[in-house]
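The structure follows.
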Amino acid sequence: MAGIKSIGILTSGGDAPGMNAAIRAVTRSAIFNGFSVKGIMRGYKGLVFNEIVEFKSQSVSNIIQLGGTILKTARSQEFTTPEGRKAAYDNMVAAGIDALVVIGGDGSLTGAGIFAEEFNVPIVGLPGTIDNDLGGTDSTIGYDTALNTIMEAVDKLRDTASSHERLFFVEVMGHTAGYLALNSAIATGSEAAIIPEMETEVDQLAELINHGFRKSKNSAIVIVAENPKTGGATALAERVKKEFPQYDARVTILGHIQRGGSPTAVDRILASRMGEAAIEAILDGQRNVMIGTMNGKIVYVPFAKAVKHDKGIDRGALDLVKILSI
Amino acid sequence: MAGIKSIGILTSGGDAPGMNAAIRAVTRSAIFNGFSVKGIMRGYKGLVFNEIVEFKSQSVSNIIQLGGTILKTARSQEFTTPEGRKAAYDNMVAAGIDALVVIGGDGSLTGAGIFAEEFNVPIVGLPGTIDNDLGGTDSTIGYDTALNTIMEAVDKLRDTASSHERLFFVEVMGHTAGYLALNSAIATGSEAAIIPEMETEVDQLAELINHGFRKSKNSAIVIVAENPKTGGATALAERVKKEFPQYDARVTILGHIQRGGSPTAVDRILASRMGEAAIEAILDGQRNVMIGTMNGKIVYVPFAKAVKHDKGIDRGALDLVKILSI
Amino acid sequence: MAGIKSIGILTSGGDAPGMNAAIRAVTRSAIFNGFSVKGIMRGYKGLVFNEIVEFKSQSVSNIIQLGGTILKTARSQEFTTPEGRKAAYDNMVAAGIDALVVIGGDGSLTGAGIFAEEFNVPIVGLPGTIDNDLGGTDSTIGYDTALNTIMEAVDKLRDTASSHERLFFVEVMGHTAGYLALNSAIATGSEAAIIPEMETEVDQLAELINHGFRKSKNSAIVIVAENPKTGGATALAERVKKEFPQYDARVTILGHIQRGGSPTAVDRILASRMGEAAIEAILDGQRNVMIGTMNGKIVYVPFAKAVKHDKGIDRGALDLVKILSI
Amino acid sequence: MAGIKSIGILTSGGDAPGMNAAIRAVTRSAIFNGFSVKGIMRGYKGLVFNEIVEFKSQSVSNIIQLGGTILKTARSQEFTTPEGRKAAYDNMVAAGIDALVVIGGDGSLTGAGIFAEEFNVPIVGLPGTIDNDLGGTDSTIGYDTALNTIMEAVDKLRDTASSHERLFFVEVMGHTAGYLALNSAIATGSEAAIIPEMETEVDQLAELINHGFRKSKNSAIVIVAENPKTGGATALAERVKKEFPQYDARVTILGHIQRGGSPTAVDRILASRMGEAAIEAILDGQRNVMIGTMNGKIVYVPFAKAVKHDKGIDRGALDLVKILSI
């Protein structure tokens, strides 16, 4: 786009596997197209406190396979204030940055929208979150890796679960979305998935579990999406233990291992394509859009639409969990 | 479908990760819908030689995570003859099998088409091959796992490659298709992908490699799709060595490790959805179609269309390899 | 040993990766030496309730790589009673079993000792536990796999930890022993290991953590051995949070994933060697000993000595954690 | 040791997983003991061409889990000449380096011995090679990781091998030693291991393979150590194919993937202990010794003894392969 010579890139919010692949793709596509690139450390915080470094092609060598983000990430209290954003803008101008690429989740993109409007800064966003809870895109960078991390952990649990008559409740991440829980339940052949999108009555769950044990199964695994409202796996296990004192019920909370690890092929390719698309978008004069993919094609998603998570859950997938665990 | 009480299932041709997840899904969906299920061993060979076993829900317990196929697979010379197919049909009838679900690649589905026509047998196919070389479906069962297996192997090569000024040629599978080569090149940040869909001149490749080393890279990795016509990685390396005697060029042929391993989440979910869809198709009175997915939705693909691989290659993806390895 | 024609094998207590490799080695070594083999399901419970199956060489095909135990395991209340053990003995005699190989931890070997004495049954034990808390052997079957499972999980945590100024407390298993905690701390470059063998004062820990952050580290990981007495990682984190409100402290309890997974080469080889040695021991007329390895050589360990865990902890290893995390 | 203030560290020869863990341990132990540290790039080449950089504690942050070596490695023609070594010595003196820690295999330690003698330089070596072919130590840094890499690859092959009546010849590294081949054969339950330490007659091998197939196995895997004299797996497969035209024999040469990958817990701990021991050795006034471990204890091994690989092969292990694959 006319006038844009230098692009700043930052990662913000919770980190996700594939962010480094995205940083690499944005940097090299930008350089390939004649832009100079600045790396901004610690997300918006680095913009506010002027932690900005020159990025060359070699700056992103051999990082495509690394989890986390070489740019670091942080939540910035300062950036939520007008003074903070003003300081951020001044540093950006001083560094000669004409446009921003922001990689992060809904909080990060909301912040990007506000900043873009206040200071008329061209910003392109990339969906970087394991939760897959952004609108306008089939998938987010990090989701497939987290799904496989959960799957491998549950495979290990299944080894030991099937050695005893055991009932495992496995809590997985997902923010307010059930994608990780539902799809990891399918991928691991678990007996049930408890997701925020759907009320679960304990008697319903009782039926599900009994269902499994009736089939002479010697173990059952229930994947539970994190959920502050219900208390997640721990609370659920307590309620179920009352109903099934006979089972040896255990709780596993996978926690932050779901955020790390070397990204899968799907996430590396998605991050690479989206990173290049971000630069294409800037060349096309696009601004204040998130790069998404719909049916495998790159699409531009207005920030407002992206942060409104409205993909809903595939009921068929819930049935699939039930049918396949008979 | 009226009259169908018992469903036979077999895996045929080269095995692919996720075949067991598909066997599990077909078996349990069938039982869930009131069908009885027969497992046919060693593909068509088992049909010809009457290796047919009763399948219960428990027959497929705890296999979703296993590579290979518990039904085994084999290439059957006999099934290519009318006598062989007649014997297969007689055994099928004797076992009370009313319909078949065949999991395999183009050879297997072609055989299914002939058999279905000759004896008016309802057959539904599932695309089981790491090569992703079937028409009418976005992906095949096993492709994502093979892609990740290649990626992890090349990540290891990169560790050692980047310790020396080394040039690696890595040969990957793909039959006559370049999907595995092209997408593993993107996922590993390789310097080039050599695929059957596109002529490669050595001077072109020379340019690609020099390009990398000019950027003061200390290593280069070229992913080469297997290709009997050109001789694959070994032949290419010979030609390139003549051009670049200065580089320490090595060849790695990944071979059959690409066929094995525990399936990824993508393949397990795809196999589970397609397996259930196969039973839905039979209930819908569908016959002689392969289950595919287009834009994430289940579709029915006539065998003739499925075996005509015409997806073509995304030129943009080839450019991506080049741009991101600057 | 004269008179012994048939050998029964069982796995008991908590399962450990490599138990299947041990079952395979015992079975095939026994058959190789002319014994017949009986598989006893669900540990001592299967002996009490007569769940005994014939084992052939093929019974243990393709299991060396599987986690868990194909013989299942269970804790048996009945076997702790004289009546239960009498029933077990009667079933054993009825099945024509002349000697037992028991794979398990201290509880299982203690039970073996009592049973052997009461009924004069020749029993050889194999150390199967991830905790490495048995005397007379350098390592137990399952320990190396659990150590690597923890390491890979903490590697993932490090990805995300190093993206924020974060303090992670990771609780690992180990029963009453600190091996897993201490050695995983070394293998992951963690800032500290909290083990049962050593009192930890919070101010000590405070020093350790500040030490790390003083060195401009942006994260710290503390590995904490499970410990009912102290409350493990959760209790420790609470105490530390009071001291360091400035850090974003998180707790991860790895739980039962540490018990599962495909065994490492070390565990498969150890299980294979020990399994063969168990049969050698029976041929040598040994009884009521556990197979151990000392300095890489097979040794026979009286049950009493085996269950008395007295290996102690290498102080040098604790210093190593501290020195290498400066 | 009196007079030593600054320590130079380099990695040389073929890279091995765990070299980075060793670099980290040497660097931090040195700094902990008051030494300054210099990193020498590209092995002896970097000493000859003066590629020497200051190393701080942070220089080795977050590398313990990385394969390869951040110091790079190279074979140096120049260092084999007196002139080259003189240049190396002059650069070393100019950089104020008083002692060297060299991480590498026999070639690298031989070079170290010559250099130490010529210029009276205190040098301590660390055994860094996947081949485990050094004397005076139970294991070398990288061996356990390579063993597990081979194992995981063969596990994948087993998935596909056992789906067909297939005979696989898998060529593994090992230089002139059979450790990797023999122990990976045990760990994977392979039917045979062909190692340089032992002549293999084709009829012997024929017996081994028939043995397997006689037992109604539907596949056989033979691990073959690389061996220029015999031609390795490819030559062997040719000879066997003549004997067994009936089997579908395939060859897989694992190649350089065996050199890469994130190190296992065993290698990270070994590298960490040995790295600290190297600094202890210097403090003890030791020179021109390689750090080894014998029965788990640190030992000092004169270079001459270290490079004389004379550990021999455990015949019992060969029998184990045979007994357990019945």
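Every chain is named by a letter (A, B, C and D) in the order it is written, and numbering of its residues begins at 1.
Everything that follows uses one rule, which is that a contact is a pair of C-beta atoms (placed from the backbone, for glycine too) under 8 Å apart; a residue touches a chain by one contact, two chains touch by 3 or more.
Which chain is which protein? Per UniProt: A, B, C, D = ATP-dependent 6-phosphofructokinase.
Every value quoted in this text rests on a predicted model; they were computed, and no experiment measured them.
Shared contact partners of subunit A and subunit C are absent. Of all chains, C has its CA centroid at the greatest distance from the CA centroid of subunit B. If each chain is reduced to the centroid of its CA atoms, subunit B and subunit C end up 39 Å from each other.
Between subunit C and subunit D, the centres computed from C-alpha atoms are 29 Å apart. The multi-chain contact residues of subunit D, meaning those touching 2 or more other chains, are 155, 158, 162.
Contact between chains, per the stated criterion, is found for A-B, A-C, B-D, C-D. Looking at the complex, you find that subunit D touches subunit C at residues 24-25, 28-29, 31-32, 57-58, 61-62, 64-65, 138, 144, 147-148, 151, 155, 158, 162, 183-184, 186-189, 215-217, 262, 264-266, 268-269, 272-273, 276, 295-296, 320, 323-326. By the touch rule above, subunit B contacts subunit D in their complex via residues 14-15, 17, 66-69, 72-74, 149, 153, 155-165, 168, 218, 250-253, 255-261.
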